[in-house]
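Shared between the two complexes below is chain A, which pairs with chain B and chain C, respectively.
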Partner chain A sequence: MLDENKKEVILEISHLHKKYDENFAIKDLSLKLHKREVVVLVGSSGCGKSTLLRCINLLEDVQGGEIKLCGETISNRKSNLSEIRQKIGMVFQNYELFPHKNVLDNIILAPIKVQKRKKEEVIEDAKVLLKRVGLEGKAYSMPSQLSGGQKQRVAIVRALCMNPEILLFDEVTASLDPEMTREVLEVILELADMGKTMLVVTHEMQFARAVADRIVFMDEGSIIEATIPEDFFESPNSEKVKAFLDTFTYKQKRK
Partner chain B sequence: MDYEFIIKFLPLYKNAAILTLKIGIIGIIFAIIIGLALTIITFYQVPVLRNITKFYIELSRNTPLLIQLFFIYYGLPKVGISIKAEMCAILGLAFLGGSYMAETFRSGIEAIDVIQKESAYSLGFSKLQTIIYIILPQAIRVSLHGIIANIIFLLKETSVFSAISIMDLMFTAKDLIGIYYNTIEALLMLVLFYLIILLPISIIGILIERKMKYV
Partner chain C sequence: MFSYVKDLGIDVLFKGHNFLRLMGGLLVTLKISLISIAISVVLGLAFGILMQKKNIAVRVVSRIYIDFIRIMPQLVLLFIVYFGSTRAFRINLTGELSAIIVFSLWGIAEMGEIVRGSLSSVSNHQYESAEALGLSRLQTFIYVILPQSLRRIIPISINLITRMIKTTSLVLMIGVVEMIKVAQQIIEANRMLSKNAAFGVYLVVFILYFLICWPISVLSMKLEKRWKQC
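Here is the complex of A and B:
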């Protein structure tokens, strides 16, 4: 599907509403992602970033508006969920590897069982991807033997191996220490260079600046500002964005 | 030590052990079936049945097996149902074991985080595939220790069956002591035969658990 600028649209969210009981988690939210575009979602905790990813991935019903993936309406679908989810790769904050399967099996299980691809072919793909993230020696390790950063890289490979149209990252470095954060973010930067379409939720502002084509700031379930990284960090329009960015800097205390 | 006595009555103990094992195994199989059924009822929160399940679990876990057996053995004939003593024993064991198994299975499933399920859905797995490939293998690993502990516990509980005249190990030992006064030999053989039955189960349990660790 092409838009008015002749660019291919992967994800189109229009006037989305999501309520938990009577409270809005997402309120009249519209967002468009083009092919090869990287959008970073920022905002304080509880502003609806993660909920938005869960809605896109059909883990939540929505109460209004719609979500389109490659031109097809997917929100509130009750059938063929699997077909849609195969096009969406999701990486969670706490990795969510399957603890009873080794690294390779974690990666190849879904391509084999869900996409019905040939095992040899999938294994070959998986090994190429593992090498790319620097884990070629860990194919037969169990998740419990890996560090947090390694687990998260495996989770990224697991999502990639399904060849999704879009990748969703939900605060994937929030439970990692700085060194591990770096190794995971470098993988995501590399994916951006490869031209993957990605929607990234993060609290790492430096990383956001480096990876994003556009930064979207959310507050109370709505988009407050959506702009290129330079403008977002150098000259934000809204007071809320200024206040948010201020939380990342500290004034030196003098005696 | 009267070795002649031991050799003479060895076959008697062997038969009793076989009977104990037979009743135990059948009872435990029923207990596992009851346990699974109750787990599904609790998991899907089936109305009415859910309340009955809860009542049954509390009743079964908080009364001694001996009392449960007496109710079945002496009570059922009073309301016109007469069944053989062996059947009573199996019923009693299943009644007691069902609740223990149900609680063990439940804890296994509850130990698996919801997000594991969501992570599987995200990869495109169907509900059935998620249960088969992701949830059950993890839940069984978690509850394995409890299941084996339950099996050993239930086999030991069979020793109260002598109270309803079943010729199990306990009954045999008590009988021999009553007739011959060879207390030490009779009790020694009783202990030995229980160990012969239970030790292999413990060892197999440990081996399976070790094999199932995530390393």
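Here is the complex of A and C:
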């Protein structure tokens, strides 16, 4: 799977520990992401997937181990958080657009205020990206006028417009109905084709299989299995993965 | 037609400088209200932001302050400041200054509560989304949190403003000659000549208060409606 241009390590997590009070949310977790690689994190609720993303984006402190982004240690940083977060694009489960700003203003706020880029230039970029996700006509709509799927696509564009090194997706389709889920996931698939480095948390197994270079299965804060999609779905090693995959199929028939 | 006006007792206002005097009283009412409102809005905003701090001392002190101001009738506060300050601190405050102090203290407390409530009603996700984009705390506050809060703060605080304007009528009790006091003086002076003066003059006073407060509350309703959509 690792061809030449995937060798550069973007994200390196080593022996990460994260505790809430006395409970471990993440236990001795190590994971590497190479440039242009798409890693999908799966596992049952509460296994620490979302917490891991929040740690990477510095929304949480960690109690041990370290996280490196492009070779620089970022975990537990107290200063220059902004500099690091610019390199990390994150899209959350709940559509968190800013409700008082229209679509375009949502997208250009951070590039202008944080990266101090020229407004005209950012607007141009934003419009190109909006077109790519099929929302060129919605630049001046308010978030309240958009569907859930449209909001999530705008949130993705907002993260993309910062030109991040890596994109984190935290169950971005969890609150969407199937059609909207599809339109959002298609955007993420396209990003993968464009060669973006991504860490995706999802419950959509079909999608995971389609988009992932590697699937990482987590349970109780640790990685149980990390492998290519074919092996993960066809011949999982661990009993826990088998049990997890079984929850997506219904073998029992009605009597 | 003229006799009709006389029956209502409005005619006294057209004698001598009576109407001008009433307008003078209105100016005093407006002066006290507007200065207090300006102080309340600025310091109330700061107070509300301060109350967001998790510091226990800040919380306790601001809680006591707010509760004290809310429990006390404004009239009692006026008496304490106007009469009490002379005794306690040996300073001689004018009635107008005492009124401005009391109404500002009241306005800051109420305004602070409104601001605090509105700020804390903005969801935590908004802070996180903004931070995840690399916005600093100050930028998050200025570009994301405050604009959303203001849409809630402005309609409610306009309600407070009309309450403050109406309540300034109490200052006649500490000897400030504002609109109602002037009205009383006019009525008293014409008691013998015009039996209906009380009705007519107070009717005009009512209309004047209405003309000031009504546009303000219409504005608040309009803003609320417009901002509800986003």
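As a working rule, the second predicted complex is superposed on the first by the 246 of 255 C-alpha atoms of A that agree within 3 Å, B and C clash if a C-alpha of one lies under 4 Å from a C-alpha of the other, contacts with A are read in each partner's own complex, and residues count from 1 in each chain.
Methods note: a residue touches a chain if its C-beta (ideal position, glycine included) is under 8 Å from a C-beta of that chain, and two chains touch if they have at least 3 such contacts.
The structure presented is a predicted model; accordingly, all values stated were derived computationally and were not measured.
S.K.: Record, for the superposition on chain A, whether partners chain B and chain C clash or fit.
M.R.: Clash.
S.K.: After lining up the shared chain so the two structures overlap, which partner does A:63 touch, if you call chain B first and chain C second: first, second, both or neither?
M.R.: A:63: touches no partner chain.
S.K.: Once the structures are superposed on A, label A:109 by its partner contacts, choosing first (chain B), second (chain C), both or neither.
M.R.: A:109 sits against chain B and chain C alike.
S.K.: Give one of first, second, both or neither to describe whether A:175 is in contact with chain B, with chain C, with both, or with none.
M.R.: Neither: A:175 stays clear of chain B and chain C.
S.K.: Touch test for A:14: chain B only (first), chain C only (second), both, or neither?
M.R.: The answer is neither, since A:14 touches no partner chain.
S.K.: Looking at the overlay, what does A:90 touch: chain B (first), chain C (second), both, or neither?
M.R.: Once the two structures are laid over each other on A, A:90 reaches both partners.
S.K.: Touch check for A:162: first (chain B), second (chain C), both, or neither?
M.R.: Both chain B and chain C are touched by A:162.
S.K.: Let me check the overlay on chain A: which residues of chain A are in contact with chain B and also with chain C?
M.R.: Looking at chain A, the two contact sets intersect at 57, 59, 81-83, 85-86, 88, 90, 92, 94, 96, 98-100, 109-110, 113-115, 142-144, 158-159, 162.
S.K.: Where on chain A does chain C make contact in their complex?
M.R.: 57, 59, 81-83, 85-86, 88, 90, 92, 94, 96-100, 109-110, 113-115, 142-144, 158-159, 162
S.K.: State the interface residues of chain B toward chain A in the complex, per the touch definition above.
M.R.: Residue positions touching the partner: 115-116, 118-126, 129, 133-134, 137-138, 141, 214-215.
S.K.: Which residues of chain C touch chain A in the complex?
M.R.: Touching chain A from chain C are residues 125-126, 128-136, 139, 143-144, 147-148, 151, 229-230.
S.K.: Would you tell me which residues of chain A are touching chain B in their complex?
M.R.: Listed in rising order, the residues are 57-59, 81-83, 85-86, 88-90, 92, 94, 96, 98-100, 109-110, 113-115, 142-145, 158-159, 162.
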